[in-house]
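Letters A, B, C, D and E name the chains as they come in the text, with residue numbers starting at 1 for each one.
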Amino acid sequence: MAQQTPVAKQEVGARDPRLIVDAASPSGLVSGALRRLRGGELGPVPVIIGLVIICVVFQSLNSNFLSPQNLSNLTLQIVSTGLMSCGVIMVLLLGEIDLSVGSVSGVAGAVLAVLAVNQGINEIAAITLAVLSGTLIGVLHGTVFAKVGVPAFVVTLAGLIGWQGVQLYLLGSDGTINVPYDGVIASLTQTYFVPWIGWLLAVGAVGVYFASTFLGERRRAAAGLPAKSVLEVAVRTVLLAIPVFGAVIVLNLWKGIPLAFLIFLGFVVVFDLMLRKTRYGRMVFAVGGNAEAARRAGINVDLIRISVFALASTLAAVGGILAASRGFAVTQSSGAGDVLMLAIAAAVIGGTSLFGGRGSAYSALLGGLVLGAITSGLYLLQMDSSVRYMITAVVLLIAVVLDAVSRRSRKAHARG
Amino acid sequence: MAQQTPVAKQEVGARDPRLIVDAASPSGLVSGALRRLRGGELGPVPVIIGLVIICVVFQSLNSNFLSPQNLSNLTLQIVSTGLMSCGVIMVLLLGEIDLSVGSVSGVAGAVLAVLAVNQGINEIAAITLAVLSGTLIGVLHGTVFAKVGVPAFVVTLAGLIGWQGVQLYLLGSDGTINVPYDGVIASLTQTYFVPWIGWLLAVGAVGVYFASTFLGERRRAAAGLPAKSVLEVAVRTVLLAIPVFGAVIVLNLWKGIPLAFLIFLGFVVVFDLMLRKTRYGRMVFAVGGNAEAARRAGINVDLIRISVFALASTLAAVGGILAASRGFAVTQSSGAGDVLMLAIAAAVIGGTSLFGGRGSAYSALLGGLVLGAITSGLYLLQMDSSVRYMITAVVLLIAVVLDAVSRRSRKAHARG
Amino acid sequence: MSEPILELSGISKRFGAVQALSEVDLRVHPGEVVALLGDNGAGKSTLVKVIAGVNPADTGEIRWEGKPVTVNRPGDAQQLGIATIYQDLALCDNLDIVANLFLGAERTSAGLLDELEMERRAQELLDSLSVRIPSLRVPVASLSGGQRQIIAIARSLLGDPKVVMLDEPTAALGVAQTAQVLDLIERLRDQGLGVILISHNMADVRAVADRAVVLRLGRNAGDFRVEDTPYEEIVAAITGAADNPVSRRAGRVTVPGSEEA
Amino acid sequence: MSEPILELSGISKRFGAVQALSEVDLRVHPGEVVALLGDNGAGKSTLVKVIAGVNPADTGEIRWEGKPVTVNRPGDAQQLGIATIYQDLALCDNLDIVANLFLGAERTSAGLLDELEMERRAQELLDSLSVRIPSLRVPVASLSGGQRQIIAIARSLLGDPKVVMLDEPTAALGVAQTAQVLDLIERLRDQGLGVILISHNMADVRAVADRAVVLRLGRNAGDFRVEDTPYEEIVAAITGAADNPVSRRAGRVTVPGSEEA
Amino acid sequence: TTTTSGEGEAGGNASVEEGFTIGLLLPESKTARYEKFDRPYFEEAVAELCEKCEVSYQNADQDTSKQQSQAEAMLTEGVDVLVLDAVDAEAAGSIVQQAKGQGVPVVAYDRLAQGGVDYYVSFDNKTVGKVQGQALIEALEAEGKADEGEIVMINGSPTDPNAADFKAGAHEVLDGQVEIGAEYDTADWSPDKAQQQMEQAITSIGADNISGVYSANDGMAAGIIAALKSAGVEELPPVTGQDAELAGIQRIVAGDQYMTVYKAIRPEAQVAAGMAVALATGEEYDGGGEFTVTEVTDADGNTIPSVLLEPTAVTIDNIEDTVISDGFYSIEEICTDAYADTDFCTSANEG
C-alpha cells in the first residue's frame, strides 16, 4: 500500500529548494520586482507612485507646480512638520502615540524667542537651550508613561494642553515676538548652498551608498551568505541617484539647496541608520513588536521608552525652532492647529504602522512630501476653502490607496 | 529516594483548591474588595475615586461647584461630546481610531439646520435625515477601511478634513444658521422632567438592576455554577443606588432631570448592554482582541468593522444634533476645535484601551464627567487661559494616575 | 472502501518567495484517521489552513463528498462541516474561556446571550477532558499553555462536524489530557467522522491513526498504512534519509559508551 | 553530591484569586538534568518565570551557589547565568530570525550592528539543530510552529549560561529536531551545566533526566530518581491518582473489546 | 409632565454702594488684545464707576461651546450683568437666552450677539475690513500702482464668522478698484498657513506682479512678510493688518508692514462698563456726554441702543498720535534693540 516518493538526501545548510531565487540577470530583476509588487513587499514604492501621480495631476492643472521655485518652497514648507514627524515615528514604532509634539514645538519656539529676543542671549545658546527644553519635556513625558504607567495618550494629551499654557505664559500678554531677519536663527532657513556644494553632497551620498552596499554584499558573498548581485546593487544605486540628482538640478535652478532641507534630510538619514544599524534601534523595534519579549531578553524597556519620548520631544523642539526661523516670529498659535495631525499623518502615510514595530524614518520624508504636495498644489489652484478641504480628503485617500491595496494582499498572506 | 507527597483523589468539576474564595459575609466582601484593589481588578473604581477627589478639591475652592445649578449645567455640557465618545469607544474596542467624529457631528448639524431652517422641512424629519447622513458617512468610512484596506487613521483623517469642507459648503457664505428657540430641536436640550418622573426612573432603574442580578445569580446557583451571594448583590445595588438617587435629588433641586442627559444615559446603557449581552457585542470584542481568530471562528470581520464605523458616525451625528439644540445654532466651527480630542480622551480616561478589545460604554460617561468637572471647576475659578491650560493638564494626569497605578500592578501579573 | 469525504489534488501555495506547497494530494474517508506527518516547516499547517479556508490555495482542487467546492473563507469550510484546531490555537486573549469556546456560535435566548447555558456546557465539556481550570471567567491570556490548547480542542466539539482537523493537538498537553484526546479521536472515528491528525509524536500516531501521509519540503513524500509500516520507514520518509538524527540517537543510546563529544 | 547551583525554598505566587504556587521547593546541581513534571496548569511555567525574574515570587527564597539572591528582573537572572526558553517562546514577531536570535545580545563592530557576523553564527547554529528555514531574513511571524521553537532554543545557546531552563522545548518539534534537542541537553549536562526540563513526554524525560520533580496544583508532589522509579508511579504522582485516564487507556488498548461508549 | 425654563425678572436691583458682580466673557486668547487690553481696561473702568463691584472674567479660546459653558458657570456664580464678546455673534443667542431666563441683562461687546441683548458697543467688523481695504488702496495710489499688478487677499479663518465680516468689508472697497490675483481663507488664522499661501501666490502670480497684500490681521501679516522676504523681495508691497499687536507695530516701524487697524479699546471698555453698571442698577445709559448712543437692529429685528466707535488705520505716520498717545504702548516697548536704529526710533528718542 505504501507509495513512497524517493527523496534525495540533502546536505543541511544547502539552499532550500522551495526558495524562489531570481536570476542575477536583468530579466530576473524585473520578474522579481513584479513578484514583489504583486505580493505587496515593495515598501515605499506604492507611496512614491502615489506621489508621482499627485505631481503629474497638479502639474497638468497648473504649470507652476513643478517649477523650481515651487519645489524649492515645498522643500522648506515640509521641514518643520517633517522633523516632528520624524520624532512621532519613533514613538509610533514603540506602539505608542505622542500628541504633544505640536505644543512642544510651540514651547521651544517661545523659549527661543524669549531668550534670544527679549533677554538678548546669544542666539546659538538660545537655540541650544530651546532644544534642551524639548529634551527635558520628553524625559518628563516618558517617565510618567513608563514609570507611573499612565497611558501615553493621556500623558501627551496633558502635554498638548499644558505646554500650550506654558507657551501662552512665556509669550506673555504681547503674544507675538518677532525674530530678527538677519540673525543665526533666521539664517537656518534663509541659507541656500551654491550649486557645487549641492553636487558635492549628492555625488558623495550616492557614492557612499554604492560603495557601502557593494562592499557589504561582497563580504556577504565571501562569507557564503546570500547576497545581491552587482547588477542589482547598480540598479538600486541608479534608482537612488535619479531623485537625488534630480532634486539637486531643480533646486540649483532656483537658489540652491536650502540648509533647512539638508538639516531635515540629515535627521532622517541619521534616524534611519540609528533605527536599522544600531543596538538602540533594534531595541526600539523589539519593544514595539513585543514589549514582554524584549523585557525577557533583558532589555531595559522603561529606559527605551523614556529615551524615545525624549527624542520625539527634542525633534519637535528642533521643528519649532525651524518654524520660528521660517516665519521670523513666534506667535501664540505656533505649533497649534493641525500641526500635530499633519505630523502623525505624514508618518502613517509614509508607511509607519500605528500599532508599533513597523516603519522607517523615511516615512517622515515621504509622507511629508505627499501632504506638502497636496497643500501646495491646492493653494496654487486657489479654491474655496470648502472645496479645498474636500479635495484634500480625496487626494489624501488616493495617495494611500495603492499602498493599502498592496499591503492588503500581503496581509492576506500573513500568519494570524 | 522518592518522597512522594500523598494527594487525595479529587472529583473532577469540584472547586479548584487554589481558588481563593471570599466568604459570603461582610468581612469577606471587604477583604475581597481590598484584594481586588491591590490586584488592580477594580474596573472603574479608581477613576471614580479620581472624580470624587476632583469634586472635593473644586468644591473647597469654590462653593458653587457642587451647587444644583452647576451640576445640572455639567450634565448638559457633557452630553454632546459624551455621545461622540460612546461611538469612539466602539471603534477603540476594534483597536482602530475614528478621527472624524467631530467633523461628522458638524456635518450632521449643518444638514439639520439647512433642512429644518433653510428648507423648512418638518423638524423631526430633519433630525432623522441628519442622523441617517451620519450613518451613511460611517458606512462609507467603514467600507474604505475594511474593504479597500486603507488604515482607519487615514480614512478618518480624510473624513476629518473632507466633511469639514462639506459642512462649510452646506452652511454657505452665511456661516451660522440659528435654530428656533421653541421648536422640537431646541426642546431636546431645553426640556427638564418634573421631580416625580425622575424618581420613577431612578427607582425603576435600581429595581430592575436588583431584580435581574438577583434572579440571575439565583439561576446560576441553581445550575451549580459559582454565584454571588445575596449580600453581595444587595451591596452592589446600594452602591448603584447612591449615585443614582443622589443625582435625582440634586437635579430636582434645580430644574429637574434634563431630557438630553437622559438621552445620553440611555445610549450608554443600551450600548453597554449591546456590548456585553448580545452576539454582536461579543463579536466586536473578538475582532478587537484578535481579528484573525475572529475570522477563523467564521465571524464576518468586514461587516463588523463597517457596522462599528457606521455606529460611531451615527452617534457623532446625534451628538452634533444635540450640540445644535443646546447652542440654538449651527456654525462653521461646530464640531471643530478640541471636540475630537475630548471625545477620544473621555473614552481613554474612562478606561477604554486604545489597543482594542478592552473597555466599556460607561467610559464615555465617566471620562466625560471627569473632563467636564475639570473644565467646569476651572471656569468657576476664573483664571488666565495660560494658567487654565496648565492646571487642566495637571488635573487630567491626577485623575488617571490612580487608575494607571492599579492597572500597572495588574499588568505586572499579566502573561506576556 | 467508501467514497472519500474530502479529497485534495494538486494543491500549491506560495508565500512571497517561498513555495510552501507544491502539487499536494490528500484523501480522507469517513471513519478514518489520517495522520499528516512531516518535518518542521514541511507545510502541514499550511495545508490545514488551505482546507479550512484561512489561506486559500493558489492552484489545485478540493472535492467534498465527490463534488468540487471552493473554500475561500473559514465560513465556507465550517458550512461544509469541517472543524479545525489550529496549531497557533487562534484564541481571543481578551475574552474569557466561555466566550472563546462559543465564539461565532454563541447560544442566545430572546436575542441576548445565554451565559448560564454556555457556562454550564463549557464546564461539562472541560470536565470530560479532565482539565482543571480555577475559574471559567478569566481571560484566556492568563491560562497555562496546556489549558489554552484544551480550550481550542473543546471548541471544535461544539459544532456537528463531518471532518475534524487537529494540528498538533496534544503538543502542550499533560499525559492524562493526551490520553483523553486520543480517546476522543477514537470516539470521533467510531462516529464515522473523518479525522486529520497532525502530530510529531509517533507513539500517538501509531495508537490512533489508520493511514499516514507524509509531506516533505512541501511535496507528497509517502502514504502508508500505519499498521503495516515499520516505524523506521515512516521516520525515514519524514527526514528524507535513512541515516538521520533519530536513528543515530537510537543507535547511540542502545550502545552506550560510543558517544561523540 | 556537589552543592546545588540553584536552590528554591518556600516559593509562593498568587495571581488575583488563584494561588498558582504554594511553598514550592526545588534544587538543581551542576551536571544534573531535573525534569519538572505536572499536569496542565500545575504551575510549572509559573515556577520557571519566577526563577527567570519575569514574575518575581510573592514569598520564598532563591539561593544561587549557596548564597541568597534576589531575582526581580529578567536581567538579574541572566547576569547570574540562567538561560530560559519560555513556553510561549517570547519572540518579537516583527523582527527577523537573526534579530530574534541575538535580541539583547547583538554583536557590534564600531558601534554598528555586525549583521554579517550575526547571520553567519545564526546559520551555523540552526544547521547544527538540523532545521531548514528558507531564509534567515524573514520576520519570525511567518515561520511554522516548530521553526519558531527552534529559534527560541537556539537563542539560549548563544550566551554562556550555568543553568538552562527549557519549558516544553520539544512540544512543536519534529522527530529529527527532537532528537537533536535531546542530544543537546545531554551535551549541556556533560559540560557541567544544570538543566531544568519541563516536558509532558515521558519518553523524553526518561531518556535524559536524572531526577523528576512533580508539581500538583501548585504544590510539591514528589521527587524521584528517574532510573529507579517505574513510569506508572510518576504518572500517578502527576495526575494525583492511580486510576487515571492514562492507566485506563493503557488497560483498554491492551484489552480490545472492553471499550466504553 | 415637563417644565421649561421660565423667564426671570430683568436685573436692575443692585446698587453701586453695595457692589455687585459683572461677568466679562471674551472670545479668545490667541490674539494679544483681549488679555492685554480689553480685560484690564474694563476692570479699570468698572472700578472707577463702582468701587465695590467685582469683575468675573472668562476667555473662550475661540470655541462657542466653551463660551456657553463659561456663561453658565457665571450664571451659577450669580453675576448681575453679563458683558459678552461673542465667539460667534449669531450662535451667542443661546447664552443671551439663558441669561435672560435668569434675569441677567447682557451687554454685547465688540460683536453684536443675537437673541435681544440690552446694549451694544463695538467697532463694527465690516468697517474694520473697509478701513483695511481703504488703506491698501491709498498706499497703492501713493505709489502710483493702483492699476498695475495684482493684490493677494489672505482672509481669516473660514470657520470664524468674524473673519467673514472683515472679508466682506474689504471686498466692498477693493472690488473693482484693484485686481485680486489670489485669495485664501486661512484655517485657524494661522501665520504658518498664511506664509505657505503667500508662497504659493508668489509662485503662481510672480513676486513682481504683486502690488499689495490684504492681510486680515497682524499675525498672518508676519507670515506673509516672511514669505515675501524668503522669496527675496527687496521692496515689500504694502501689507495690511489688524489688532495693533506690538510685533505688528514693530514691523510697521521697521517698514515691513504698511498698516494695522487700531481699535481704541479704552473707550470701548469704558462704554461697556458704563452700560453694565447702568443695567445692573436699573438706570439708562446715555453715553455720559462723551459718546453718542444710536440704535442698531439685530438679525431678529430687535432694536438695540448702541455706541459705535471708529476703528483707526495706523501707519508709520500716526503711530505717535494713536497707540502711543493712548498709552497702548510706550516708545521703549516698541523700540527694542532690534528696532533701535529705525528712523522712527531714532527720531522718537531724539525728540
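In this text, a contact is a pair of C-beta atoms (placed from the backbone, for glycine too) under 8 Å apart; a residue touches a chain by one contact, two chains touch by 3 or more.
Predicted model, so just to flag it, every value in this text is computed and none were measured.
Counting steps between touching chains, the shortest path from chain B to chain E takes 1. Identification of common neighbours of chain A and chain C yields B, D.
Of the two interfaces, B-D and A-D, the higher number of touching C-beta pairs belongs to A-D. Averaging Cα coordinates per chain places chain D and chain E 74 Å apart. With centres taken as mean Cα positions, chain C sits 42 Å from chain B.
Here the spacing of chain A and chain E, counted between their Cα centres, is 40 Å. Residue positions of chain B touching 2 or more other chains, listed in rising order: 16, 18-19, 164, 168, 290, 292-293, 295-296, 384-386, 415-416. Taken residue by residue, chain E touches two or more other chains at 29, 35, 158, whereas all remaining positions touch fewer.
In chain D, the residues that touch at least two other chains are 15-18, 54, 88, 90, 130, 132-135, 142, 217. Interfaces, counted as pairs of touching chains, are A-B, A-C, A-D, A-E, B-C, B-D, B-E, C-D.
Those residues of chain B that touch chain C in the complex are listed here as 12-13, 16, 18-19, 216, 219-220, 223-226, 277-279, 282-283, 285-286, 288-290, 292-300, 356-358, 414-415.
Listed in rising order, the residues of chain D touching chain A in the complex are 52, 54, 73-75, 78, 84, 86, 90-95, 99, 103-106, 108, 111-113, 116, 119-120, 123, 127, 130, 132-135, 141-142.
For chain D in complex with chain C, the residues that touch the partner chain are 15-18, 38-42, 44-46, 87-88, 130-135, 138, 142-147, 150, 168, 171-180, 182-183, 186, 200-203, 207, 217, 235, 238-239, 244-246, 248-249, 253. Looking at the complex, you find that chain A touches chain E at residues 62, 64, 67, 69-70, 73, 76-77, 80, 117, 120, 168, 173-178, 180-181, 189-190, 255, 323, 326-329, 331-334, 336-339, 375-376, 379-380, 382, 384-386. Of all residues in chain E, those touching chain B in their complex are 1-5, 29, 35, 56-59, 61-66, 68-70, 72-73, 75-78, 87-91, 93-94, 97, 114-115, 158-161, 164, 299.
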